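Below, each structure is written out as structure tokens.
What follows is a pair of complexes built around chain A, which joins chain B in one and chain C in the other.
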Partner chain A sequence: MDTTILLASVISSAAPIIFATLGETFTERAGIVNLSLDGTILLSAMVGFVVAYNTHNLILAFLASGLTGAAVASIVAIGSLFYGLSQVAIGFVLTLTCRDLAYFLGNAYTRLPGPQVKHLAIPLLKDLPFIGPVFFNHNLVVYLSYVLIIFSWYYFYKTKAGLILRACGENPVAAYSRGINVKLHQLAYTLWGGFWVGLSGASYSLLFKPGWGRPQGAEGIGWIALAIVIFGGWDPLKVALGTYFFAFLQLVGILLQSSYPQIPSQVFQVAPFPLMILMLVIMHISSQKTAKLDPQPQHLSPIQRLLRFLKTTPPAALGSNVHTKEF
Partner chain B sequence: MLKSYYSLINKWLIALVCVVAVTSILLLFAHTPPLTTYKLLLKGSLSSRAKLARVFQVWVPLMLCSCGLLFTFSMKLWNIGIEGQVMLGAIGATASLMWISPHFAPWMCLILSLGIAFILGALWGFGSGLLKTSGGVNEIFGGLGLNFVAQGLILWLIFGPWKRPGIASMSGTKPFDVSLWLPHIHRFPVLGMLLALIIFILTAILLSSTRQGLKFKALGINPKAGKLYGLSPTANTLIAMTLAGGCAGLCGFFQVTGVYHRLIPAISSNYGYLSLLVVMLANYKWWPIPFISFFFACLNVGSIQLPLILKIDSSLSGVIQGICVLVFIWVKQLSVFERADDT
Partner chain C sequence: MKIRLENICKYYGKVKANDKISFTIEPNSIHGILGENGAGKSTLMKILAGFTPKTSGKIFINGQMVNYNTPTKALELGIGMLYQDPQDFAGLTVLENFLLGLKTSWKIKEYEYTVKLTNLCQQLGFKLQPEAYLKDLTVGERQQLEIVRLLALGVEVLILDEPSTGISTQQKQILFTALKRLAKQGKSILLVSHKLEDITELCDQVTVLSNGQVTGEFMAPLDTEQLLECMFGQKLKQIINSGSIFPQPKNKSTPLVQVRDICSDHGRIRLKNCSLSIYPGEIIGIAGLENSGQELFLRILAGLVRPQKGTITINGKNLTEKNNRTFLQNHIHFIPTNRLEEGLFADLTLLEHYLLVFQQSFWLKSKSAYKLCLQKIEDLKIKGLPNTPAKALSGGNQQRLLLSLLPRQAKLLILEHPTRGLDVESALWVWQYLQKCYGLKASIVFSSPELDEIFQVAHKVIVFYNGQILLSKKISDTTPEEVGNAIAGKVEHA
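Up next is the complex of A and B:
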């Protein structure tokens, strides 16, 4: 396969996962774990498809999906922030419930042809050698994923609001004592993250796996997105890189499938997930090793530098309900 | 005192009304009459002896998985990998039946395959425990990864080495000889029910009146204090995960020998995930498990005929189960808040 086509397919198939992973990065950086991704993506995919089918308005469909995602996220946020419920527990129940809800409510729309997002090459940019066909010969959803990556990075590290966001996740008590309404921020970022997870669902049912059915084709993506956020160390650029890496693995699976027809295709479909877990193990072991390394980077070998680059630490207050009544 | 009883009843009444109300709204949303649906759910699960027998065929795997999850939950571990542990148990049971059935009496084969299923499930659970303790991977993601591996393994076996003579298909491996089926009485899986009860009693005893159960509980409530007291979080995590995996493996054994009589791709039937909901609804305690498993089994069996009669998806049962758990954990937490207000 041609390198240009390969890279272009990696870029485009990663786009919906980028929405989910970066949305979750916002949520987790603010200190909340929204575990419901897998169900949310399916539910919002269903909502997006149904709205698009009935109104033929794709913008409305994406908006509806985003709001669905935010609505599910609001259950996690409100339950944990204002009632002190375990985020993992609510998230897990919602994962299963939303998935079943999607199948249940979407039953009448199974296997119907619906509108899809149109291909849209960017004029001028698409004619650049190599870069043009790889990055600018896609559709609006893929371009939106670039915007989200750059925006997230800028927002996290270059704005005051981003600093406050990170403070909420690292040390909510300190942030509170500095006069920040931590709960309100966490609620807002959980909704915002959920909104993007919703868009991820819509991009599946309206573009990458068009239509609705059981199975839809987006099953399992939510769990993978959660793992990629850890893999990317809660840093938007590394998370985006991780997502492209995963998309690449998926594509390699599809390519290998044609070379080994005797192995069932389902094996290749599930293979990337264990590989990501293996990467997490390698990262963990490497981060134990890099802790002992010489702090000066010029003394490190390239492999040691790579290990240091991969080293991750979660936001200190991630998933904890430290602030209950006193706030 | 009377007032507190009153508020307790009140609370659960509100919870019940919430569940019914939300479900009814969803049903109306899908243009289905709620009352007819509830009646069908009841009729589909309890109206005849054959249907009740089917309910118990679901009850057994739910009980076995829930018992396993009690161990991990008492350590506050989220053993989502239970699904894969069921699959490995099923693989173990199938493999041992395939390989030894020509050489031994059927009852010996069944006992041996029960043992192998337990061991393989336990190993898979041990694997995700090891990923947590030495690999630094949260048990949720390690378990999920292993679930995917197990699913891949089953598909590979069904389409590869264990494929049916003739053509490999999603319908699974070649069914076993009737002599290798777990015997039923009036279609009731009595041996499976007996197994589930034995495991349930053992689990209850282990958790509530042995030193090991206390260790799990202590480390689950406060790992730091437990460690200072000389308890090893690593060792106990591995023990809990292994025990959970073993119970799940038994569930896989029952699915193969008592229900499908062969290995199919969906051998775990999502019972592992469903059991997580069972244990959550049981508030992580052992005594409500049989009743909640029965309730969930009724929903599952009752919903099978919904697509045929009402043209709605059978996933309705999952929706009701999920809403039950959500409402339950919410209401439970409210009572915790109220108690905090009183003091």
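Up next is the complex of A and C:
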């Protein structure tokens, strides 16, 4: 297979996962864990398809999906922030509830042809050698994923709001003592993160796995998105990189399947998941080793530098309900 | 800025943490607040910093009454506090920590604020790298950053809560020089401490608190004798050195447990070369203010924390680097002061506790355990039933339960403030029980903030100060005054 086509496919198939992983990165960096991703994606995929089917308005469909995602996220945020409930427990229950709700409510729309997002190459840019076909010969959803990556990075590290967001997840009590309304921020970022998870769902039912059915094809993506956020160390750029890496693994699986027909196809379908876990283990071990290394980067070998770059630490107060006790 | 406190009261239920406290903080000066643990210093400072609401009383700033109840409001008025546990963000950089809470534009102007940070640091003699992550900094450096940050916020009154705990001598000198400079520039510095040397070195004015009340106000030059007297009140004089209720151990030459040159670094607490010999049947009382290192030392002695350096031997057997299980097998037992959190299982019943500790077989033999349980309840007069969960017991009965779980053959008991929260009667019972069961058979090392308890019970007293054993003497060779001085860091070198 041609490298250009391979890379273009990686970029395009990663786009919906990017929405989910970066959305969750916002949420988790603020200190809240929304575990309901897998269910949320399915529910919002269903909502998106139904709205598009009935209105033939794709923008409205995406908006509806996003709001669905935000609505589900609001349950996690409100339950944990205002009632002191466990984020993990709510997340798990919501995952199952949303999935079943999606199958039940969407039953009438199973296997109906519906509208889809159109292909839209960007004029001029698409004619650039190599870069053009890889990055700019896609559709609006893929372009939106680029915008989200760059926006997230800029927002996290270059704006005051982003700094406050990171502070909330790092030490909510200290943030409070610096005059930050921690609960309000956490609520807002959980909703915002949920909104993007919702868009991820719509991207599946209206573009990558068009239509609605059981199974829809987006099953399992929510869980892998949660793992990628950890893999990427809660850093927007690394999370995006991890997402592309996963998309690459999936694609390689499909390619190898045709080359080695004697191996059961399930092996290739499942392989990316244990591979991601393996990568996480390697990174964890190496981060322990790099911690002891000389802090001056110029003394390090390129591999050591890469390992240091990949080193991760979670937001210190991630998933804790400390605020309900303190304030 | 001149601050006047008038009749500040803070009640937690029946407990009067602050009782009608009044004094004035002058500008251009360093004002010390001195007192032992639980004297109400921290509560008062938290009220002043807006972290805790007061029950009653008035605060005047430059003659004008002010009312506030959040840290943000206090900051707007120019009052900032440096907390004992740094209120900062370990995962963010120095610069980011500096920026949080400052009024900046939506976009972060890195260069502008790096310059501002570096300038402030230079003025005060601090060396901080803006791009370093906070988790790689020492406590002293984090403190410096916090001071710089509060100054950037325009703070006029700076409150410091035990700032010299856990920082190196060098950093302490840098900090003290900076504080003096700030006072000269017109700021008011409020220094909370239980360390006499800090107070006498820095302060122009001192207010001493004891039991939530002001017991004395002094101006520089400060007299340590007077301060001590004020801090401990008449308490020291009332202690009668009547000798231990435990029988004196026979003069054996070989110690049971030997601890040599223990060094350990555990967050803010650093132990430096702590050595102790424990003879069979000896009762050793540990005195010292909170966080002076005794908590960590007891846990090292119990095998719960491994020291970075030093050795522990029992009967000549080396236990260094061994885990807690080996310590238990060698009959060393520990009872923590947080009974419910560290010592017991809050939701398990009395019966389940006995099953857990005394049961050896795989199957639970409830019948025999039930018998044992009733026996223990009777022996120790625990007010509870076999199916009462531990958390439903009163503090005294939780202590009795913990004691009943100790095996008879214990050789060394390590008790962390064993009579915490107990009334006089229960406390006395605890010691009588220990004397009855373990007198001469086991050694006991216990910590207690009550000097009279140490003088009534122990054969020997050791005093921790700043992670070191400052005093180690037989009770018969010392006086309460000497121990009290050592607790505040003052020893006469004879």
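One rule holds for everything that comes next: the second predicted complex is superposed on the first by the 325 of 327 C-alpha atoms of A that agree within 3 Å, B and C clash if a C-alpha of one lies under 4 Å from a C-alpha of the other, contacts with A are read in each partner's own complex, and residues count from 1 in each chain.
In this text, contacts are C-beta pairs under 8 Å (C-beta built on N, C-alpha and C of every residue); 3 or more make two chains touch, one makes a residue touch a chain.
Quantities reported herein were computed from a predicted structural model and do not represent experimental measurements.
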Which superposed partner A:L85 touches (first chain B, second chain C, both, neither): first
Partner chain(s) touched by A:L255 [first = chain B, second = chain C, both, neither]: neither
Partner chain in contact with A:I59 - chain B first, chain C second, else both or neither: neither
First, second, both or neither for A:A175, with chain B first and chain C second: second
Partner chain in contact with A:T313 - chain B first, chain C second, else both or neither: second
Chain A: partner with more touched residues, chain B or chain C: B
Touching partner for A:L184 - first (chain B), second (chain C), both, neither: neither
Partner chain(s) touched by A:K158 [first = chain B, second = chain C, both, neither]: second
Touch list for chain A against partner chain B, complex: 35, 75, 79, 83-86, 88-90, 92-94, 96-97, 99-101, 103-105, 107-108, 214, 220, 223, 226-227, 230, 262-264, 266-267, 270-271, 273-274, 276-278, 280-281, 284-285, 287-288, 325
Residues of chain C defined as touching chain A within the complex: 51, 70-72, 75, 87-92, 96, 99-101, 104-108, 136
Chain C-facing residues of chain A, complex: 157-161, 163-164, 166-167, 170-171, 173-180, 295, 313, 315-316
Residues of chain B touching chain A in the complex: 26, 29-30, 78, 80, 131, 135-138, 140-142, 144-146, 148-149, 151-152, 155-156, 158-160, 265, 273-274, 276-277, 280, 311-313, 315-319, 321-323, 325-326, 329-330, 333-334, 336-337, 340
